[in-house]
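In structure tokens below, several structures.
Paired with subunit B in one complex and with subunit C in the other, subunit A is shared by the two complexes that follow.
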Partner chain A sequence: MKKKFFILIIFIFYISLLNAKENKLKIMPTPADADKPMKKYSKEFAKSLLKGVDDTMYPKIFKAKMSMETIRKGRAPVKFIYEIYSKGGNKALMEIVYPARDKGKKILLLDNNLWMYMPEVSRPIRLSRNQSFMGSTFSNEDVSDSTWEDDYDPVITDEKGELILLTLKAKRKDVAYKQIDIWVNKESKVPIEGIYYGLSSKPIKKIYFSNVKKIAGFLRPLDMQMVDLLEEDAWTDVKLLELNELQTIPDHKFDATQLGR
Partner chain B sequence: MRKKIFFIFILFFILSEFYAYDFNLDLQAQFFYNNYIKNDTFNYLAQQMTLTAFDYIQKTRIKIKEKKEQLKFDFDTRLYLKTGEDNFEYFIDSLYFSFENGPFVLYAGKQRIKWGVGYTWNPTDKLQPGKNILDPKIDLEGFYALRIEYSNDFITPSVIIAPQIKSIDSNVVENIRFAMQLYKLIGNADFFINGIYQMNNIQTIGMCVSYDINLFILNIESAAVRFMEPSLWITRMTGIDNDGVKYSYLIGINKIFTSSFFMSLEYYYNGWGFENLKFNDYINLNINKVSEFGFKKNYASFNISYTWDEKILTKITCIYGIDDSCFLFYPGIEYIENQDFNIELGFVENITDKNKETYYSMPFFNSLVLKLKAYF
Partner chain C sequence: MNLKIIKIAFNNLFKHRGRTIFNLFTFAANAMALIVLLGMLKGMYNEAFERTIALDTGHFKIYHKDYFKEKEKMPLDKNIKSPYEVIKSIENIPYFVSAAPRIKKNGILSNTANKTNVIMIGIDMHRELKTTDLFENLKKENYLKDSGEILIGRRLAELLKSNIGDLMLLYSQTQYKASNLADVKLKGVYTIGFAIMEKMIVYVPFDFAQSFFDMQDSATEIIIRIKDKKFVPYVKKTIENILKEKYPDLILRDWTQEAEGLISGAQADFISYGVLFAILLFMAVSIIMNTLTITVFERTAEIGTLRAIGLTKGQIRWMFLWEGILLSLGGAIAGGILVLPVVAYLNLHGMTMPQEIMDKLPYPFIELKSKNEISDWFLTYIICIITGIIGSILPANRAAGTKVVDALKKGVK
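== the complex of A and B ==
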């Protein structure tokens, strides 16, 4: 009986520690401004601009190698390198190639489904899609869904010289963000920076794009930095180390039962 | 033996540099302090091995992978060097090659084929050797099999033929275990149907569902199992049960709140488990008792883990036997110095009343575990 009581006390202590940790992160951000479309730009132009942004981000079908390093105040930096196969914006397979401890783990996204494969377990494990990706400030959707066009309706809400502010409103409730505001170069259609809003309309993340180079026919930002606005001094640096446009990727690559191949 | 193993390490390492195949090495120095219960199980184990309060085990894991167009080679082994021993004990978890041709893939050799969606238990999985219920993710040993899979949009079938060698007077079919699994993704749910057949040995049919209901992942797994071969399960061996069909199932939820928080809660009904009364019959038979947890019908498990500031991983695993109130409690803490070096300290406590049956099948009160892990 004494032992059971002791275990209960440990549990309560552990859970209360976890609650204390989560409460620290609940900082109230400022509400998003009401966004009104600029009349001089049509909805069709906004759509074509968003399509251009999607095209400059990644090819429709590609293989890439990407490093992702997350910095958080008071914590050791966490770095992963992934090999990525992506097809059509709704299918993505990511394999960890660094560090040695996690090498061989795979993450598969197929429409609204997400799985993780660990070689030691040798079966796919289903994950919830709306959670952060491998401890980074990105959500799983940020990383594995390479197009905004399918999930968001664009309107142009501001303009500063060559830059245009695209406001993307979620088409469905099951996407990670209610709204994304993204500054885009009107000519090159390369995104410069953006703000992501959570389901409660609060700004939760800020993204910066840099190191623009011509790859596979388009000017593309190879580096990104995602800053967590809810946590002080927390951001993730993403560098595209390799990017190759492919003609096709066989569908069995995106079958959850085939991740051990 | 040690020299040979050392030579093999060096050889693999050098060859990996020249041939650029994927070579990984994990090293663990493990220390255990065990506080044994001097019961019948302890006496039995003591006849089989030297039991000491303090154990030191050096665990080495070697993983080699090579892919050449359609062919892939996979080798995964664990070597253990135990206290006072000069020779390595080893387990080959996988040693196979695979051949791909578009959606078809053929695997041949010793391989892990894990069925089921449960975290701690998998009632549908009677192919793979059992997993460590206190840490189900580690040390899964594969089995010899030929496996063919065909990936397509409709249903992905997986056909398995596994040799199970029987006595010399058995016919060919009695020496082969046939298994098949069908997989279908419907919406946000994975559906699996699977079955195993071996003549005069085992028959199973099972189904699994893993469903993302936003708040958490719901896992359901059930199986109808018939053990015809008495040596496959203790109640058959002892003659307590006949070879009829019995049903087992699991229902569980899990959630990863952030990538650093994992929680799992499961209930498992083991149709082949002992009733309390029958378990006493088993004790009275005084046959080979082994250190196992899970002989009875109703169990629950709870797992929670959280990583603090990418430096400290804390975890708690609880296994509760509902029939006789037995309880295993395993809190652990892991210090992550960097992504390639961790130190883990764990403490397993067996909280089972002395007048309960499971007490007699467990040989320890508690065990303190220290693991130093390096990844190369």
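== the complex of A and C ==
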């Protein structure tokens, strides 16, 4: 009897494994219903929470050092360290300082346009927005969209203790993701994790925030992990190594014609 | 023309049979090489042109006029509104076979374990079957029918280790640049023998592509097939007139404009093979010049005698020129006959090239089959005769310049 029961358990386990494999594509997360916001939270509160999330990410004008390491199954990890100058969310200059072979390469973000400058090529190359950013799980689009507030309407759709599920619905058709569901700490306004959804409501990427520390006047997540849901075991770890809020950065720093200087 | 001179020139060829045979052999080898080379080049490019038309460019493509400013980015917003209406307006023109709307955009295909960059092409399966040869090897049960089905090339299926029926993920951006992802089912694996397309191109149903890319009733291109590429100039004018009148925002491009790289590659190949053949001809010129010059020295006394009995300098010159012409023509005719079995084999059966080489070719190719025409022989004969004349000019002038008294001193053998 015991033996039969044991065989049955093994059989059920085997069948469930097969089903899991079959349904691999069906067990992806589903987006929160943005049309059913929690009544206890006002729209204004959701908006203030989203503004708080944007503020905790980066100051308006800053200089930072950031490492970005991409892990992909079967491939060697790829790591870059960037020195970043950013102004007003629509201008940013990222210069590679590590590894030595890529040192001097620069990426310029200017009003939703991305340019890459390589010392060996005299003119900067314009990058497509849907391409992967330096082989990472971030797209150029992800990197260039610095604030969510401009592109998404927030509603609160769920709550778990201190955490609130902020559902961001694209304001226009030209916004990168149709919806982003993001868990945020109600008090600190620091994001914890989020899921990006495409037009078909399928999840495309997952993002995790951690290592929250007070830096440049705000509690900020210093570490970020972007998981690509299109590829097994593929993610990019981003670590903020230094962050300094600045009063101003001269505009010529973000001039595409001056990148070689 | 003095037939007597030609007769003397002809008889002279038999005086030094060894040398004549060597010269004939040189021209025969050149003629054989030229005929084979011409056939192979024409065959290779004819095959590449026909396959490119059948698989990729059609005879024509219609685009929105602004599409080309950003063609590399495959912009979805520079599109053709109501593509079926556009097709309807051109389908009654002479030599028209079929036309099909398409939506083309780069994206990512994932089997959740691995992902790869692809080009997605939304196709109307029914029309595509009449317009292109893409799916000639695909079984009917693997044709695209329902939304969310895809066809991928054999190379891509091998790369992703995917089988028919597998569920996959397709990622791209809509015409408004919003990200989109869809579950798709692998309906079939196409084989066209062109590795680059088999690795890169994923076909999806046209209506699915319209909804996935948020394109409503639009297409990024219309591919058109006509009866034969020789009608392209006529049909081009006719379609351009229709577009000008009804759809001024649209432009028409023929296959030569679409396959610019292939055409310039062909031209470059013809130039490099031309250089190679020029070297062979230069060698033939040198050989005939050398042998005829030796002949002039050997026959100095004979030339003196001929001059003494009344032949003019011009007649002596023509005698040697005719020797060159007869040698080259004889060699070319012999070569043209000897090469016939090889040409017949290459034209009928062709040559199978190793898969590794085929994979590296930047154009579609199935087999290397020659395409010789009668004109190849005429061209070869003309080139050989010109070569023979060029090679004979110097020795002929030398012979004509021989002084009669000095020549006679050597004595006639």
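As a working rule, the second predicted complex is superposed on the first by the 223 of 261 C-alpha atoms of A that agree within 3 Å, B and C clash if a C-alpha of one lies under 4 Å from a C-alpha of the other, contacts with A are read in each partner's own complex, and residues count from 1 in each chain.
FYI, a contact is a pair of C-beta atoms (placed from the backbone, for glycine too) under 8 Å apart; a residue touches a chain by one contact, two chains touch by 3 or more.
Predicted model only: the values in this text are computed from it and were never measured.
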{"item": "Clash or fit (per the criteria above) of subunit B with subunit C on subunit A", "value": "clash"}
{"item": "Touching partner for A:Leu230 - first (subunit B), second (subunit C), both, neither", "value": "second"}
{"item": "Contacts of A:Gln247 with subunit B and subunit C, given as first, second, both or neither", "value": "neither"}
{"item": "Subunit C versus subunit B, contacts on subunit A by residue", "value": "B"}
{"item": "Contacts of A:Ser128 with subunit B and subunit C, given as first, second, both or neither", "value": "both"}
{"item": "Partner chain(s) touched by A:Arg75 [first = subunit B, second = subunit C, both, neither]", "value": "first"}
{"item": "Contacts of A:Tyr196 with subunit B and subunit C, given as first, second, both or neither", "value": "second"}
{"item": "Stretch in clash, subunit B with subunit C, out of 276-284, 348-356 or 366-374", "value": "348-356"}
{"item": "Residues of subunit A that lie at the interface with subunit B and also at the interface with subunit C", "value": "128-130"}
{"item": "In the complex with subunit A, residue positions of subunit B that touch it", "value": "22, 24, 26, 63, 65, 72, 76, 98, 100, 102-103, 105, 111-117, 136-140, 142, 149, 151-153, 156, 158, 183, 185, 188, 190, 210-212, 214, 216-217, 255-261, 304, 306-311, 314, 316, 327, 329, 331, 336, 338-340, 342, 349, 351, 375-376"}
{"item": "Interfacial residue positions of subunit A with respect to subunit C in the complex", "value": "24-25, 73, 128-130, 139, 141, 170, 172-178, 196, 198-200, 202-204, 228, 230-232, 234"}
{"item": "List of subunit A residues in touch with subunit B within their complex", "value": "3-4, 7, 10-11, 14, 18, 21, 72, 74-76, 78-79, 99-104, 110, 112-114, 118-124, 126-136, 250-252, 255-258, 261"}
{"item": "For the subunit C and subunit A complex, residues of the former touching the latter", "value": "73, 106, 108, 110, 112-115, 167-169, 171-174, 176-183, 212, 214"}
